[in-house]
Each structure stands twice: as C-alpha cells, then as structure tokens.
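One chain, chain A, links the two complexes that follow: it is found with chain B in the first and with chain C in the second.
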Partner chain A sequence: MAKPMFARRLSKELKDLAMNAPAGVNIIDANDFKVWKLGLAGAPGTLYDGEKFQLEFNFGPNYPLESPQVLFVGDNIPVHPHIYSNGHICLDVLYNHWSPVQTVASICLSLQSMLSSCTSKEPPPDNATYVKTARANPKHTAWAFHDDTV
Partner chain B sequence: MTVTPVPLPTNAPIPTAAATTPVGAGAVPVTAGAGVVPVTAGAVANPVGAVPASGAQGQGQEAQLTDEQILTQMQAIKDEEANAHPLVDHSVDLLELAQEYENGSEAFKKKIQNLSDTHDRMRRSRGDGNCFYRAFAFAWFERVMLAIKSKPELHANAVRTIEGTKDLLLAAQFELLAFEDFYQVTLETLQNLVHSTSEELLTAFQNDEISNSIVMHFRLVASAFLKTHQDDYAPFLEFGQTMDEFCSMHVEAMGRESEEMMLIALTKATQVSIEVAYLNGNQAADEVNFLPFLPDTAPYMPPLVLLYRPGHYDILYRKSHCLEGVI
Partner chain C sequence: MSPVLTLCGHLFCWACLHQWLEAQHQNPTCPVCKAGCAQDKVIPIYGRGKEQLDPRSTTPKRPAGQRPEPFRNPNQTGFALGTGQVTFTGTMLPPFMFTPFGIQYGATYSGTIGGNGAVQTPMQAYVSRMFFMLGTLILVGILLY
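Presenting the complex of A and B:
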C-alpha cells in the first residue's frame, strides 16, 4: 500500500467533491490531508437562505475509521438549537455514531438538512456555559443524544 | 422545531436520533441535574469527559491539558492496550483458559474440562467490541490458508465470495467511495493467502489498518445483508426502529458489539457456517452448549468454531478439524 489509507480515501473524496459537490457546498481550502475548509450555503427557502458559513474538517491518521473533527468557523456561526456559538455541533454521527460509510459530502448534507429543518433560530439553551468550558476539540466533549424531531 | 429540552429526565432512555446536547466535562450545569445521562445511555461520546475542566473558576487553578496532550495520552493508552492485548493473539492451549478460572466457579472449570475433550486450542481476539468480526475473519482466512494445498477450492470459493460482497454492498446503497478501501484490503489479504505463512497472516491481523479495514468490511457485509433482507429480519427489531437505524447504530459503527442477528447475517452472506460454544457460569449443566449458525446452502467446509463468554468472542480449535500449522 503506497499511501496510507486516510490519504487514499481523502484524495478520492476530494476528487468526488470537486466533480459533484452537493448544492450549496464548495471547497475553500483542501491543500493537505489534515485540515479542509468548506463553504456551506443556507438552502433557499429556509431560515438560513442567503447566509454563508464555513466548516472546518480536521482529519486524523485513523480517518475514516475514526471520525473527523468538524466545526463551524469564521465570523458567521449559524444560530441553531444544536450549534454552539463556538462552532461546536451536536450531531451524533460526528461522535459515537460515526461510521466510515460517512464522507465529507454526506456530513455536509446532514448539516445542511439540520439547518433546513430548523423553524426557530435560537442558540442551544446552555450555550453560554458550554462555550465557556468546552475544549477546542468537540470530540473531547461527552455528548448526550437528544431526539431532534422536536 | 422547538429548542431541544436540555435536562433529561433522570430515567429517560436516550433516544436514538440525530441531534445531541453536550454534557461538557462535568462542567455544564445541566449535567448536575441529569447526572445519570451517560450511564443509562451508554452514549458518552468520549472518555475524556472525565478530565477535570477548569470550569468557571478561572484559569490556572487546575492543570488544563491541551488537546495535543490529551491526544498523546490517548495514544499512549492505546499503545499499552495494543501491547497487552494484540488485536488477534497467538493461539494457546485450551488449558490456559482454565487457569483464568482457577479461583473461579466450579461450573466454568468443569465446562472447560469437558470442552477440552473435543477442542485443544483457542485464540484470543481483543475485547474492543469488534471481537466477533475479527475472530470470524481470522478463523475463516486461516482455515483457507492452511488448506491452500490440500483444498485449493476453499480459497477460490472465498475469493469469489468476497468479490461478490461488492455487489451486495452496492445493492444496499453503500457508496463505492466509502467502502472500496476496506473491500480492497480484505480482498488483497485473502488473495495473498496463496503465498502467506501463518506468521504473516497473524501479523496482518495485528496491524491496525489492515485488521480494522477487514472488520469494517465484514460489518458492512452484515449490514448490507440485513438491509437487503429486511422482510426477514425487521420483525426482530425493537418496536419503531427501522433496519437502517439499527444497522447504522449497531452494525456499521466500529466497536459496537454484535448479537445473534449479525452472526446470522454474516453466515448467510458468506456461506460460511459457525458454531458458537457458549461458556457461562450456569451451574445446571456441565457441558458447554453449542449453537450452530448455518448458511442457506449445504456448508462446503466444517464450521468455524467460536468461543462465547458473555460479551466476548474468541476462536476455538476443534480436534477433529485436524488443522496443521496453527500458530
């Protein structure tokens, strides 16, 4: 095996993203296999219509067997009940429900659908305390999982 | 959608859906009232939650580890674990298993004694939640390798089967991009058996990347089989759970333990039969119970034999299978 698995997988994902990026998703910076920045646009007809967000993916050497670290960065963090103002995202597939069948593209789609289904732009109720105490890496938070069908 | 109500009722089962709320390192006030959350759920994402957080009392009171340091520590713990318990170990005499129970219950001792009449060796698979898949894959590949001269058709058959899993996974709507690396590693390891030694096979299964890729591939095969045979297996799911939900939570995610349904799925998808020896402390019986898992067609080789102790699978070697060259 010439390249380590994460590099092989990421080069394939990059090519795929370059050719068939999901609507509203664009690559801002993917010059190495460690950190990628992607743009995510709020879908038309939703509360986030016209807004532009930035996502940062950090890949470890065990990707895709282990999940990447994913967070919103930049000056515009979506105001959403499952997104903290430090960019941390409550989405189970990013943590203990991760499976290597997920890809960067599928995560972007999940996030977009999480935004699109939102009916009220509000921060998580415990935003202030969480943001004060959380670590930089959201994977170091112990997440409890809620139903989002509310 | 309304805002997620954060404090969970203390006895609430954790729903299985998509959004989450952090129970931040013991520092989020929410957790104080709902301290049972991780326990009931088994849903704590990361053990690092136990690291003391400096909280609101300001910096410098307690040593705050950087993420980098945490990563280094976690790697050190993993390395230690890897040295103490390889992903797949050398085989040992079955009597070594008996020593584990020297001070234990008579029921175990008696059962192991009886088991040793018909089985002489065992091989441990690491207890990381992937033990069944790893034990199954190793036992199968080892069987094929040991018979490469005497029964080359076992190898041809296995290669055909693994090649066929690609279509099964595609039929179950898995993305080629997401599974082809695992598929490729599994197929290559199998193809290499033509000229592998026992030592090389063991080394491959002790290598994180190769071994975990094979585990992942077999997980996806089991998942794909269940998804493409929903009518047969959906009735066994908890009420209200779809097969896709079950598979993504319990089959496709690394480290999730397997239950009978996954054994059935893998047996049928690969046409490889398994016999599981159930070893437990039940006093009522002196013999270990064997449970067969059979494919739909007549098995073309003797079953792989696995040893089950509550929560864990290892590999067993049956005397009558006369496997020469097991290391």
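Presenting the complex of A and C:
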C-alpha cells in the first residue's frame, strides 16, 4: 500500500522546509506527521522585531484536503488584533478559505505578513470573552473575519 | 499521472484534484484561484505516448475530452456579416461572386438579424466596397467574353 496522501505531502513539505525555509521560520520539532512545532521570528523593522514565537500545526489524516489546526503556543503569544491570547488566529485561509495549495510555509508567510502589517499592538477587542468561551481547537470557532488591512 | 487542466488554466493530477472537488462538492472550486470548477468541465491532457492506467481503483475515471465540431465560417470569403442563413438560389456565378451580393442582402436583412449586419466598421465597409468593385469587374469581364 502506498503512503497515504498526507504523509507523502508532509514529507515533501518537510524536505522543502529543511532546505529552504522562509526567512524567520525554523523547524523546532517535526518528528511525525501529526504535530509540528515551528519557530517564527518577528520581521526586522516591524512592531515584532526581535520577538520569537512558536507555532503548532496539527495535521489530520485528510490534510491537505482539510486545513491543519494552527495556533500560537508557548509563553510569547503575539499581541495582535487578530491573535487571541490563547493562541487562536483569525485568518481566513486557516478555515473557510483553505485550499490544498496552501502549505506550512505559505501559512508561516501569511502569518508573518499579518504581523508585519500591524500598526498597533493590541489584542482583539473581544479577546476576554472569546478566550473564556472558545474550544481548544480553533477550527471549531465560527470565525467572522475582520478586514485584512490591520 | 493523469494530468488535467481546469477551465481557469490550472494543471493538476486528476487523483488529487478529484479528491479536493469531492471534499467540497456543494461548491467545487479550483485549489489555486478559487474559480468554479465542475468535475465534468475538467480537460484531460494527453501525451503522445500510451495512456497509462492509474492502478488505484478508487480513483474515478478521468473525464473524457470534449470534441466540439470544428468551426466553419458559413461565409467562406471572409468578412461575415451575420447573414449566414441567407442562401442564394438559381445563380450560376462562381462562389466568390456571392460576396458582393451578400453585402446587399445583408443590408436589406439587417432589420431581422438584430442589426448585426448593419453595423460596419470602416475597415469592413472598405473591404465590402473593394469586393463589390472586384465583383462588378469580373461580372463585366464574363459578360464581355
């Protein structure tokens, strides 16, 4: 039996990431095809310059037909209008705008550009209520996407 | 491996594209550009070599290519004026002679063909005049000899 699709796809992505990761992105832990941990560095010249963040990717057996579960973890969660203090990220490509052409690397790039375009480090306005009520998996949240310009 | 092309111009392996289209069956879209992408509108790409069969029996048959009739211009001599239905009977003139008269018919029929024949670009008008003069010359030639 051939390798399942998610395994084939993730081994290819891992190879690409190891050889040619986007700037500011590094693999912390990718020992299986279930959970990966990646480091994301705030881009120079932005509000997050010098900060280090950790991202956790959870892949289901239907990856890449279904999006991975992506969230910030660790003790430094970016303070950003689209990132909740529990690490949940309000980014449409992670949920209803997902497409199998997205990759771990492209998600990292989207997140980096989301951080880089931020003009004021503030939590989402509904952070307190959201964090209290949200389930652990951000994919269970019914996201209403804010505008992408922030 | 069974390459297919979507109408929006994106190339995929059929096994992968099919899985994606099935996964979002209510509203199938192209994975790259999100254009609408019905499974029966996908175009298979054939190489010159022998078609290789996909061993995975779960993979459904790739859609067949479509075979539209080749386009034929009803007005062989060029500058179609949308009067393709107008036919001429009882004439012994050679086919290229239809053209100048075709224009005249086109003008009189223009009311019934949605104004299509009535609108002429300067270029078309020029070409029409040219052909009309040419036609008249040949007609005169035939009559004289």
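Everything below uses one rule, namely that the second predicted complex is superposed on the first by the 148 of 150 C-alpha atoms of A that agree within 3 Å, B and C clash if a C-alpha of one lies under 4 Å from a C-alpha of the other, contacts with A are read in each partner's own complex, and residues count from 1 in each chain.
The definition used in the following text is that a contact is a pair of C-beta atoms (placed from the backbone, for glycine too) under 8 Å apart; a residue touches a chain by one contact, two chains touch by 3 or more.
From a predicted model like this one, the values you see are computed outputs, not experimental measurements.
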Which of chain B and chain C A:118 touches, first, second, both or neither: first
Touched chain A residues, chain B compared with chain C: B
First (chain B), second (chain C), both or neither touched by A:143: first
Which of chain B and chain C A:90 touches, first, second, both or neither: first
Partner chain(s) touched by A:5 [first = chain B, second = chain C, both, neither]: both
Chain B versus chain C as contact partner of A:101, first or second or both or neither: both
Chain C-contacting residues of chain A that also contact chain B: 5, 62, 65, 99-101
For the chain A and chain C complex, residues of the former touching the latter: 2, 5, 62, 65-66, 99-101
Residues of chain B that touch chain A when the two form their complex: 1-6, 8, 14-25, 27-30, 34, 37-38, 41, 43-46, 48-49, 51, 53-56, 67, 70, 174-175, 177-179, 181-182, 185, 208-209, 212-213, 216, 220, 248-249, 252-254
Residues of chain A touching chain B in the complex: 1, 4-5, 8-9, 12-13, 16, 62, 64-65, 81-82, 84, 88, 90-93, 95-103, 106, 110, 114, 117-120, 122, 124-126, 129-130, 132-150
Residue ranges of chain C in contact with chain A within the complex: 16, 19-20, 23, 29, 31-32, 34, 56
